[in-house]
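Both complexes below contain chain A, partnered by chain B and then by chain C.
For the complex of A and B:
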């Protein structure tokens, strides 16, 4: 356990204020239960998500850099972003500002125009919620705090595509033992195993959820999600643990749609890893926002005595 | 291999569905051949993407596997294609598990999971082909918006 991440700046991002609210709630409650502090960025803005990034990548770099400059102004060296999209974009901005002169110029120009400090690479470290718990508490720290072991719960850990790609924007990953792997991520597996869960060997843990297809080609998204769900079931999983609000919402929505449109019913449950860890620490399902999920996990939670 | 190369994406998907649905005994009896076939179906899937882009699929290998070389070729100039990088590696992994130990009690399950991984690859590439005319996969609407914006600007 390290004191380094005991108090960090918190960047929830847009999704966690909408469809991913359960992730926001459970992240905050989990932090509280573990004695960790989060200070939300003041007046944060969109990270640039997919839309801005594709229209103007340098504008996306600026938007993410503005959030990093707010963290710096608030006196933080670390900002934690639980959403994979936000995490990815903040990392990308950091990389671009370090390696691309044109990005630095655009960032400086827009920052000046907007009247705030220009963020320079290397001032603030961006971490994911998984890094936060792993580093600040660690597996041993979690084990001693577990009140409701997840023993007997078979979990497929699903990381999605943005947590590890592209590799070059995550220089801290793939650094050998103890670091996260971009080809076979394991931080979520490690944390849930520490809480007693039995992780299944899920071969699609970083595969595409079809998130970007959702509006333009829903059928493709539904088929991709159905394959993720049926593969998790074939692995023997009771639940898919998620760490991205886009993936999570996609899995939930298309689980329903697969049944309606394709007549394929799947029963695997979908919960954020923060919800599972929170319940393992003795927090009620309500406290970690299980009622805010679209997917109903109440039967499983009762059966595993997590309520 | 040549036979598989002629398969369309739909045919490859249908064959993968057959493997997923096959009884254990059938899978175990043909384990090594099926492991090779799964790999070849993955290659055929990647070839579809490359041919659609007007490229000649490579016959080279990466780490001993043509599948990985095809993926590398397909991702050139198309960063979002890397979203199937680990899917390809998982396919190779499941192939290796079966080939190295075909008598393992887990063989049928491994083949079935390998087929599901192959299915994901086919779905992913099918989706990419579907939206290829619209632009980048991650936020596919860019050129669409541009073309919509064009008449308004010229009005």
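For the complex of A and C:
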């Protein structure tokens, strides 16, 4: 365990204040239980998610650059974003500001008009909640803190699209042993295994849930999610561990929709990895917001004595 | 996964003759179907240039048709007609009528970026899909598709307040697409949630729909963004040789 990431800037993003509230709560509680400090970005704005880029990609770069400039103003070298969409967009902005002159010009122009510092690439490092726990605590650090082992819990780890793709915006990944892989990500697997969970060999770790069109093309999303759910069940998983509020909510919504519209019922549970880690550390299900999830996991939690 | 290629031998191109004798041989009937000439006469030579001028389409010229994008594609796996490699080919060839056959599905790209990951030429096929669906709408070949309606409802909220509130985006999207808000599955979902949620959080979520979350001090950023968006819209229309005044 290194001293790195003991205190980082925290960018929750819009979803974590709405439908992904349980992720916000469990991330903060997990940090508290592990002695890690989060300082929320002051007056942060939406990263543009999957939508603003379709109006104009450089505008999306500006939205993230504004958030990075806040982290810089607050004196932080690292900002942690638990939402895959926010994380991806901050990384993408970092890449574009480093490599694309036109993006730099638009950012400078808009930042000046908006009256804040113009963020320049290289000042602030963006990390995911997975990087945060992995680096600041690590598997060994987790193992000694586990009070309520996840032993016997079969987990399908689901990373989604935005955590690994496109590869070029994640220069620190695919750097050999110890680094995260973009084709076979394993950070969540590593952390949950350290907490005692039995990870199943889930082939759809980075498959798409259709989150970008979860409402605008619900039928496609339902098909994609149903595939994720039935495959997890076929792999013997009790629960799908998630790391993104859009994926998580999409899985919950379309699990219900698949049953209502397609008559296909699945019973695999869906929990944020932060909720699973929190319960392993002895936090109550309530404390990590299990009751705030849209899908009901209370049966599983009772059966596995996680409560 | 195989790449499903399109056949150009379509029903409307098939010709059968009730009575036809060629060089003394009777070739009447369906067993000896003939195929109409497939000479293409309706090229749109500007198509590649126009799509390349829209955000995301910039690198379409790099494509060497390896098919990695279609092979990796999430949507192709559930609809074989969704074929990025083929569309990029048509755009580069200027075969507009062929492309227009698929005009109602191109918007369905889910932006998973598997194509971008797989592409050996950095074409950014995901961007090309977005540029192409944008092009179809700007040129009036299709109405505004649900994804664009959603993107706009979402973005307008961000531009105005700096943040979004997911309930408001959902309501706005259903209103703009004239869908009922109380869909069966949504009602089932909300009912399940309300049964288990603590009153405190329910109140908090309820308050969020009254006092919309917003970024403090966003006013100047909002104004700068609105100016920039108007400028970009005008530029996009100019590059497609469309009337700039026609922009919304």
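Here is the rule we go by: the second predicted complex is superposed on the first by the 307 of 307 C-alpha atoms of A that agree within 3 Å, B and C clash if a C-alpha of one lies under 4 Å from a C-alpha of the other, contacts with A are read in each partner's own complex, and residues count from 1 in each chain.
Going forward, a contact is a pair of C-beta atoms (placed from the backbone, for glycine too) under 8 Å apart; a residue touches a chain by one contact, two chains touch by 3 or more.
All values derive from a computational prediction rather than experimental measurement.
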Exercise. Kindly say whether there is room for both chain B and chain C on chain A in the superposition, answering fit or clash.
Key: clash
Quiz item: Where does A:212 make contact in the superposed view: on chain B (first), on chain C (second), on both, or on neither?
Solution: both
Exercise. Using the superposition on chain A described above, determine whether A:104 touches chain B (first), chain C (second), both, or neither.
Key: neither
Practice problem: Applying the touch criterion given at the start, work out whether A:18 contacts chain B, chain C, both or neither, answering first, second, both or neither. | Solution: second
Quiz item: Thinking of the overlay built on chain A, is A:55 touched by chain B (first), by chain C (second), by both, or by neither?
Solution: both
Quiz item: Which of the two partners, first being chain B and second being chain C, lies in contact with A:165: first, second, both, or neither?
Solution: both
Exercise. Check whether A:234 is in contact with chain B, with chain C, with both or with neither, and answer first, second, both or neither.
Key: first
Self-check item: Touched partner set for A:220, first chain B, second chain C, both or neither
Solution: both
Practice problem: Of the two partners chain B and chain C, indicate the one touching more residues belonging to chain A. | Solution: C
Exercise. Using the touch definition from the top, say if A:203 reaches chain B (first), chain C (second), both or neither.
Key: first
Quiz item: Between chain B (first) and chain C (second), which, if any, makes contact with A:44: first, second, both or neither?
Solution: second
Quiz item: chain B has the stretches 19-27, 91-99, 109-117 or 127-135; which one runs into chain C?
Solution: 127-135
Quiz item: Residues on chain A in contact with chain B in one complex and with chain C in the other?
Solution: 50-51, 53-55, 161, 165-166, 207-208, 210, 212-213, 215-217, 220-221, 223-224
Quiz prompt | chain A-touching residues of chain C, taken from the complex the two chains share | solution = 55-56, 74-75, 78, 108, 110-114, 116-117, 127, 130, 134, 145-152, 154-155, 158, 162-167, 170, 173-174, 177, 184-186, 188-189, 192-193, 196-198, 201, 205, 208, 213, 215-218, 220-221, 223-225, 227-229, 232
Exercise. State the interface residues of chain A toward chain B in the complex, per the touch definition above.
Key: 50-51, 53-55, 161, 165-166, 183-184, 203-208, 210, 212-213, 215-217, 220-221, 223-224, 227-228, 230-231, 234-235
Self-check item: chain A-facing residues of chain B, complex
Solution: 79, 82-87, 89-90, 93-94, 109, 112-113, 116-117, 119-120, 123-124, 126-127, 130-131, 134-142, 145
Practice problem: Under the touch definition given earlier, write down the residues of chain A that touch chain C in their complex. | Solution: 14-15, 17-19, 21, 43-46, 48-59, 62-63, 66, 106, 109-110, 113-116, 161, 164-167, 182, 207-208, 210-213, 215-217, 220-221, 223-224, 252-253, 256-257, 259-261, 291-292, 294-296
